[in-house]
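See the structures that follow.
Across the two complexes that follow, chain A remains constant while its partner is chain B and subsequently chain C.
Showing the complex of A and B:
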């Protein structure tokens, strides 16, 4: 089986409305987050990947399987969409059993259902009707369905929506464990803090186009025209701020409870000067980039472009 | 059978199990049960009414016979009545009628003067027949023998209800309700992705859903037809019933009606299943098919064959004959002179259903699930 997920010049139009345009991606294993404003094309990209819609142009391969072959595709892919209208009147365990039977499975159904429910913390409510489930429980039920057949690729549309803090933490741990096995997890989220916390890679979408992709630090490094923000902790913060502000390229030096936040257009010159100040005896406790996160990148590439 | 096909068979069964319960116990489908039950209720009510009339008739004959000192009225008494006899003469010969009604209508004299004619119908009964005597302006105008209904009359009643209500309305709209919802309903409920996100060919989903719809429609309408036959049969005296079953090939006719019902469910089901995949508004294809099926008898021979009712009519075991004097266009609706041989009709129906299902399979394979566009 060929590895990886490839989008080869994929475009999708809904009549004259653009879904995604000229998307070429080679998504590696690990956790990849799709980020972008509403209407950017995140759900379209996920639906294309799951074969729920077909590209107007281009080709998609998931582990060597075309997205137009559901019989083979969903042996390797699990998809948890935003919608969760389960068949009426069903109980949690019953739904998972039905799903396995749909897959043509006839053996070891009960233990697999139990394992999937345990993975998402719903084993205790296996006999409860789905109609009585809360939003968070339904979210976890969708995750259980996606995980049921032990897929290589997991696609999750807003998987942390509606979860309480404990369930969020458990879900994130589950995602990390899944990705740590060398598998592929692709998720979309509006909550950029979550994206920072869990993602190995980022795909930033805007108006149906991929505007950036790769590891978060790598994407930030590819934006040299954007001023760099550095947070420095020092017991002599006021003196540090005043000194730094004298440097050419430094646009701003502000003080707050966490230290000095410096914004510079010339990171190279700034880091050189910082080394000199440290060598001259200025006490420096910590230096941390303040804008190589998803929030900042989103701001630069999407909001800044508006 | 290799593993792939065995697995697909299991998958079809899994879809069937999920769908049959939904289809049979859907609240939205309650009206289908009512549609199927309607002729049964009508036949039961007609049976109760006929039973009541029969008992009244028997009681009247008994009392009339007693009043005539054991000399009941006979057919000869009615044959002896002459046109122009007065009401008093009729009463004198036959005694008071079991029932009567009055009516009037406008007319003209030979001189062209407008008049109003007053009429009277007298009803009498003898063990073997009922008689209706019509008097106009107090004079006997006609004497009619109304024989008690036998199995041939009931067979015609059933054939009429089956041809014009069951086939053209109940099964047609019932299949619309059941099969159109197989995909369209799930698209509206946003629940189709439960199937489309499983490792299963979409054609297999279609097969499972169609078979579930066919089983549900078959169960509902076969039960309705069977109960109608039982209810009508119960209205016949046992000797007539036995005669119908043994001499008149009754079992063959019953089997034919049941088979036509199942074939109608399959063909209309395939049409509505495909229509639910191709259109967003089910009313439009249903209306087009209803009109097309309605005008089928008046179409040229070639166009007739592109329909479902043409093949179903050809299979009907009872040919209804238009009454003498019926306008030719109307008589075409009742009996089709171009009817096919049954074998060709069955093959034609199966071909129509197969073509529709192949179209549905092609459509479902390309169907895109994008709920934001719904």
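Showing the complex of A and C:
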């Protein structure tokens, strides 16, 4: 079985409406987040990956299986959409049993259903009717359905929506454990803080095109024309801010409770000067990049491009 | 950069074949249908038709009793009798389908729920086959299965001459029912897939039947011929059935047209259904 997920020059049009355009990706194992504004093509990309729609042009391979081969594809892929429509009269455990049989599996049905419910924290309500489930419980049920057949690739559309803080933390831990086994987890989220907290990689979409992809720090490093923001913690923050502002290239130096936030167009010269200040005795407790996160990258590449 | 050791081992157990998964779709769709007590009751009420027919066949062979009762002396059990019987069964079965079928596909389509089902090793054709089989089996239980039982009873009670003359009715019942089942099931599933509200879908199906029949009768009366029959679902079948039952055609000369319309209806319904059954609904 070939490893990885590949998009080879994939385009999808809905009539004359663009879904995604000329997307070529090679997604490695780990947690990959799809980020972009509404209409950027996140759901289209997920549905293409899940084989629920077929590309107008190009080719998609998931672990060596074409996206047009549902018989084999859905043995390796688990998919959780943003919405659901569960049969109202069915109970949680019953629905999972039905889906495991739909997945073609014949052995250990009951223990596997129990395991899936335990993974998402719904084991106690296995016998409850789905009609009585809250929004958060339905979200976890969708996750259980996607995890049920122990897939190698998990595709989750807005998986943290509607979850309370405890359930969010549990879900994130579950995602990390899943990815730690060398599996592939692709999720979309509007909450960039979550993306930062969860993701190994980022795929940034805008107007149907991939604007950036890769590890968050790597993506930030490839934006040299963007001023760098650095946060420095020092007991002499005011002096540091005044000194830094004298440097050519420094555009802004501001003070807040967390230290000095410096924005510079010339990171190389700034870090050189910072070393000299430290050597000269200016106490510096911490230096931390302030804009190598999903929020900043989104701002530079999507909002800045508007 | 995170480190991800490749320790995942997928499921290695045996996998079921495609038809087993169709059976899973069938099983849960049928269960959901019979969760409704009203539908369950309606189904059993529909079985009263063959029961009445069975009684009539039995009584027709007990003429001494009938003469004492003072009626039904003229009852003749022949090919026309079985065609009429199947006609009544199919009308009753239609009423059952009108209320049962809208719940088969529409709930899966709400809120993109179908994407959860089709995110399994299941093709759109297999999904349709699963849902179709629910109606096909239930309609069989309401049409040709009891009809064959009635026929068998008649066959056993009848004279050797009758048997030699009418043995072929068994096949006619099966073929005529199959035609009705295929057309009606596909039509009902297509309506269920395209009409969101159950009650509206049931109304649409009943409208197709009764308004079509009404229009056909009015057209026949106005035009003084049988061309209007082509607008009635039941009349279309009766025209086609006349070949199966060797009865005089209700609309002479229109048999090929009736067959064409029935085939177009089934094909069109299937095409509409397939178009609607998608993992992701595209809103343009």
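Keep in mind that, in the parts below, the second predicted complex is superposed on the first by the 305 of 306 C-alpha atoms of A that agree within 3 Å, B and C clash if a C-alpha of one lies under 4 Å from a C-alpha of the other, contacts with A are read in each partner's own complex, and residues count from 1 in each chain.
Here, a contact is a pair of C-beta atoms (placed from the backbone, for glycine too) under 8 Å apart; a residue touches a chain by one contact, two chains touch by 3 or more.
All values reported here derive from a predicted model rather than from experimental measurement.
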### Task
Classify the contacts of A:85 with the two partner chains as first (chain B alone), second (chain C alone), both, or neither.
both
#### Entry: First, second, both or neither for A:50, with chain B first and chain C second
both
### Task
Determine, under the contact definition given at the top, whether A:72 touches first (chain B), second (chain C), both, or neither.
both
### Task
Give one of first, second, both or neither to describe whether A:106 is in contact with chain B, with chain C, with both, or with none.
both
### Message
For A:180, using the defined touch cut-off, is the partner it touches chain B, chain C, both, or neither? Pick first, second, both or neither.
### Response
second
### Task
For A:246, decide between first (touching chain B), second (touching chain C), both and neither.
neither
### Task
Could you tell me if A:98 is touching chain B, chain C, both of them or neither one (first, second, both, neither)?
both
### Of chain B and chain C, the chain that contacts the larger number of chain A residues
C
### Query
Which of the two partners, first being chain B and second being chain C, lies in contact with A:38: first, second, both, or neither?
neither
### Message
On the A-aligned overlay, A:200 touches which partner chain: chain B = first, chain C = second, or both, or neither?
### Response
second
### On chain A, positions contacted by chain B and by chain C
14, 47, 50-53, 70-75, 79, 81, 83, 85-89, 98-99, 101-104, 106, 145-146, 149
### Task
Quick one: which bits of chain B touch chain A in the complex? Just the residue numbers, please.
7-8, 10-11, 13-15, 17-18, 21-22, 189-191, 193-202, 366, 368-373
### Interface residues, chain C side, partner chain A - complex
1-2, 4-8, 10-11, 13-18, 20-21, 24-25, 27-28, 32, 35, 107-123, 278-280, 282, 284
### Message
With touch defined as at the start, can you tell me which chain A residues reach chain B in the complex?
### Response
14, 43, 47, 50-54, 70-75, 79, 81, 83, 85-89, 98-99, 101-104, 106, 145-146, 149
### Message
So in the complex, the part of chain A that touches chain C is made up of which residues?
### Response
14-15, 17, 29-31, 47, 50-53, 70-79, 81-90, 98-99, 101-108, 142, 145-146, 149-152, 179-183, 200, 215
